[in-house]
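In the part that follows, the structures are each spelled out as structure tokens.
The following pair of complexes shares a single chain, chain A, combined with chain B in the former and chain C in the latter.
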Partner chain A sequence: MSNNKSLSQYITLVPSSVMIGVFFMVPFVLIIMASVAVKTPDGDFSYGFDLTHFERFMTWFYIERALFSAAMCALISCISLLIAFPFTYMLTQFKERTKTLWLIYILAQLSLSEVLIAFSWQVLFSRKAGIGNILEYTGIIEKSFAMAPSAGAVIAALVYLAVPFAILLLYPALSRMDRSLIEAARTLGTSTLGTFFRIVIPVNRSALVSSSVTIFVLTLGAIIVPQVLGKPEHWTLSVLITDQAIFNFNLPFASALAVVLLLLSGSVVAAVMKFGGEK
Partner chain B sequence: MKPTFSRRHFLGTAAAGAAALSMPSIARADKSPIKVGTYGGFFEDSFKEFVYPEFTKATGIEVESVAVPTGEAWLVQIKNAARAKQAPVDVSMMAGVNRLRGVLQGLFQVYDESKIPNLANLSDTFKARDVDGGLQAVGAVSWYITLCTNTDEISEVPTSWGDMWDPKYEDTLGLLALSTNSYLLEVTAATFFGGTDILSTKEGIEQVFAKLAEVRSNVRLWYRDEGAFQQALQDGEIPMGQYYHDVAGLAAAEGFPVLSTFPKEGGILDSGYWITPKHAKPVDEVHEFINFTSDPATQATLARYLGTAPVIDPALTDLTADELAAVSSPKSPIIPRYDIYMEHGDWIADKWSQMLGG
Partner chain C sequence: MKLLRNAYLIIFAIYLIGPIFVITAVSFNSKKFLAFPPKGFSFRWYAEIFIDNGWFNSLISSLLIAAASAILAVLIALPVAYAVWKSGLRYAKALFSLGVAPFILPPVIMALAFLLLFSSIGMNGLMINVIIAHAMFLLALPLVTISLGLESVDRALLEAAQTMGADGKTVFRTVILPIAAPFAFAGFAFCFVLSLNEYIIALMTVGFTVETLPIKIFNALRYGYTPVIASIAVLFLLINVVVFGLIAKFSNLSRILGAMD
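So, the complex of A and B:
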């Protein structure tokens, strides 16, 4: 009996395994193969084994870019959760109807593409039509100034992109949370803030960890926002990969950079899961 | 019994079926239609509206328009199709380093010059040949990148590319973000080193890089997307920078305070060439098409409606002096050194990224 059951389980796994195999593994293997491909004199490349593209990465310029990308996305991940977690916690305490309306609104935000967000923020941060004009009008600053391109602009736009994801990732855990824990803490004399920090956050630790990792990986892949709102020193590894693949005719090097990016995000995910997840 | 319907059989049947389906069109007209690739957007729209109908009227050959990307992606698509002995289009526009690489990799057909009488209108610059002298690409249209300003913000019009280095323009410039589309190495060489010859050696390129690095503090935006800069230029947000002369002219015609200036060192002249992928079938029709676009009348139409510069001697066209001035300049242009990106591509790309990042 048990053998039969496991067999039927295997059979139901077949369609999804085939899909994952074909649509995920094949491009992945092609990227790995391209990253060690040999460049030919006519500007093309042929499959082989050549580590020059990885050697080219091993210069301070590219390593610094990789570290900068990781640090910036980690920061964005932190800021997004600082905004999303308290909001989601309050959202779960709203009436059913209000909750639904908010969730629909947040889901709608996800339909905005990165391109749209980048260009909207470019206008918001401009000298002639942006936030600066409101600040000038209200007398907070003397004269409107351009706020982009800058690191702040890149971070703001990517946080804006990430917050709806963070809310939707945190919502299930927070809405399932056992309210009696909070009641117990409150009955025993813990303040509202104390309850939030000593009960709500620890109980939802795994949801927080998985959301932060998702936001990290999501923003690491952003290319338009850093390009449009950042100076060259704010361009992430993903921007350099795009340049190599589209403008510099070097698919093997672009693939090598992509493999590095994959290893980078993979090791961050693994480290966070190991040290930050549930015991 | 073994199954007799093998894969090879299937392919054979499918080919026969496809041939049968295409029969009626062959029977209807003795000239087969051609697929022509141009850059999607304004380029393609203008060709569809002003060139293809006239071509069909003149030759009876139908044109199917295909929008193609400007970057390397298009060359990769042609290459992949060639592996399957296919051609995604019969003739396509292609520019810059892409075209050189395509020729080098043997992806294109050699044209039969006797079938293109109008080739005589073109100078040798616009007849690109492979090492054996075979004609692989023919000039289609040219365009200039010039120094553009927002006249509301900058009243004193700059006259030289060198003005970009002037400290008074701190944080006001928009420049293209890549060496292979901004051609700023060529601009710097022509402005400060008496011409682009200095780029022939690595040492020379390094000298030019050192000079170009000095412009960085004046640059507000290094743009890849034309739209991002055009908006900022029109609004005066980023009041000065390098931009396409034709599009700047269109913006000015729409009433925006945008002015395109040919600096005294000349504008950057880039050109799109017609190429035909190896396995394209309607070869005669393609030759007729290229002959048509090399005609002075077609070149004049393109200058008027697309805003591109003719690839033939302007004297052959009926363009008035004003019309010609709108699309080009008598000053000798800065011609991109595509060859250096072929020879030192990776090295220049790395140096370029490092220069931008400081």
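So, the complex of A and C:
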């Protein structure tokens, strides 16, 4: 009887197992296989073992791209957490209704396509319909100018993309935080700012660390913003992967770059979790 | 102190909402070019989405793909989440972790993986490809929301129902389903919205045959601005707000976002 029962439990899992197996495990293995595939003269490739794609990555051009991507995303992760943390802290203290309305808006903005965010910031940074016009209108600058493409534009738009994520990542920890700690500090005469820096931030240290890693990986995956708001020298690994796969039809090299991206994000996650998790 | 706090809140709100505000203003322009402050006022760029065949077809395919992939994702997630909750089967837990993984990886990796899969089995550019790909990529969302829903079922209620003589099916239909259904809906809604807005996976699976809205917008961006994009941005934001508003109304948003145990 109990054997029958557990068998029927497994049977209900068969369709889901097939889907996850065929459409996640297999494609994932295919990427790894394609990254060492052999290119054939007709521009296609056949599965085999060839490390030339990784050798091609080991040139300064691509290594520099990888380092640039990592550095820029680390910077974006820090800025967006700095912006989002105080707001999230205040958000948890709002009235229930206000809180829900804010959360709905933040979720709505977070889900907005990266294409649309890139477009919005392209408009904001344009000469004719953006911040430049507002500054010209108010007389702060004499003549409006285009602020994109530039590294600053890419960073600004990616921070804007990351802030809603940062809020939602910090939100659980900050809402569950033990409020009596703050009251105790206040009773003992610590100022509001002092409490914030000496109690609120240290107590939420692990949430800050894990959120920073998540945002790092998230922005590393951005594809459209660097293309629309940056010059080719601001392209990240993700953009290069897309470029190789779609426009150069070089699937093995795209796969090799994807493996590098996977290793890069994986090792950063592991390193930060190891050192940030201590204490 | 209060002043500092309020000043920060106002600046933050402007930062968050400002760009959306500018885009909204631009979308009501009456001229063909983008201008802010807007010149004139008209709804023509909203009408354009529905009049112009290209934009309208993209909107319809995007909605179709989003709805189909969200249903598929919920169907795949349901048995897994249920088995984890009901029996704590180790195999089900492993499936659960595997199902969550695609969402954590950078999307371009999943996109490339699907491109390799579909091209190696000769299924090129079919709409079903992107439906499956989106369902797999977003599977984590219904998995998590349905689990949260099941965890909120009070075990005492189940025992009570069984003591009163209800069989397994009746318990599922009368106790578990009503409590878990809103959370399953939340999973569906999250998937729907994110699929609607997703670009790179759609591009790599069906980019050359089906133009979803994000793909069409990106293609349009390369040939210069059109205010239609601004009106689509506003339309999408509205769809997102409505969907998340519904989730907030019918299930527990704070709980889904992890604010409560």
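Operating definition for what follows: the second predicted complex is superposed on the first by the 253 of 279 C-alpha atoms of A that agree within 3 Å, B and C clash if a C-alpha of one lies under 4 Å from a C-alpha of the other, contacts with A are read in each partner's own complex, and residues count from 1 in each chain.
Note that a contact is a pair of C-beta atoms (placed from the backbone, for glycine too) under 8 Å apart; a residue touches a chain by one contact, two chains touch by 3 or more.
Since we're looking at a predicted model, the values are computed, not measured.
Taken together through their common chain A, the two structures put chain B and chain C in a clash. Once chain A of one complex is fitted onto chain A of the other, the partner contacts of A:Arg56 are limited to chain B, with no touch recorded for chain C. Shared-chain residue A:Gln122: touches chain B and chain C both. Once the two complexes are laid over each other on the shared chain, residue contacts for A:Val26 go to chain C alone; chain B is not touched. In the superposition on chain A, A:Asn248 contacts chain B only, with no contact to chain C.
Contacts of A:Val163 after superposition on the shared chain: chain C is touched, whereas chain B is not. The larger set of touched chain A residues comes from C, when the choice is between chain B and chain C.
Touch criterion met: A:Pro232 reaches chain B, while chain C stays clear of it. Of the two partner chains, chain C is the only one that A:Pro172 touches; chain B does not reach it. Legend: residue contacts after superposition of the two complexes on their common chain; A:Gly132 is shown touching neither chain B nor chain C. Overlay on chain A, chain C versus chain B, candidates 60-68, 132-140, 222-230 or 240-248: the clashing stretch is 222-230.
Touched by chain B in one complex and by chain C in the other are residues 119, 122, 126, 128-129, 228, 245-246, 251 of chain A.
Of all residues in chain B, those touching chain A in their complex are 71-73, 76, 79, 97-98, 101, 104-105, 177-178, 180-181, 220-222, 224-225, 227-228, 231-232, 235-237, 342, 345-346, 349-350, 353-354, 356-358.
Interface residues of chain C, counted against chain A in their complex, comprise 1, 5, 8-9, 12, 15-17, 19-20, 22-23, 26, 33-37, 75-77, 79-80, 82-83, 86-87, 89, 91-92, 95, 98-99, 101-102, 104-117, 119-120, 132-133, 135-136, 139, 193-194, 196-200, 203-204, 207, 213-214, 217-218, 221, 225, 229-230, 232-233, 236-237, 240-241, 244-245, 248, 253-254, 257-261. Against chain C, the residues of chain A that register as touching in their complex are 6, 9-10, 12-13, 15-17, 19-20, 23-28, 30-31, 34, 83, 86-87, 90, 92, 99-100, 103-109, 111-116, 118-124, 126, 128-130, 133-134, 137, 160, 163-164, 168, 171-172, 175-176, 192-193, 217, 220-221, 223-224, 228, 238, 241-242, 245-246, 251, 254-255, 258, 261-262, 265. By the touch criterion given at the top, residues 42-44, 56, 59, 61, 65, 119, 122, 126-129, 146, 149, 227-228, 231-233, 235, 240, 243-251, 253 of chain A touch chain B in their complex.
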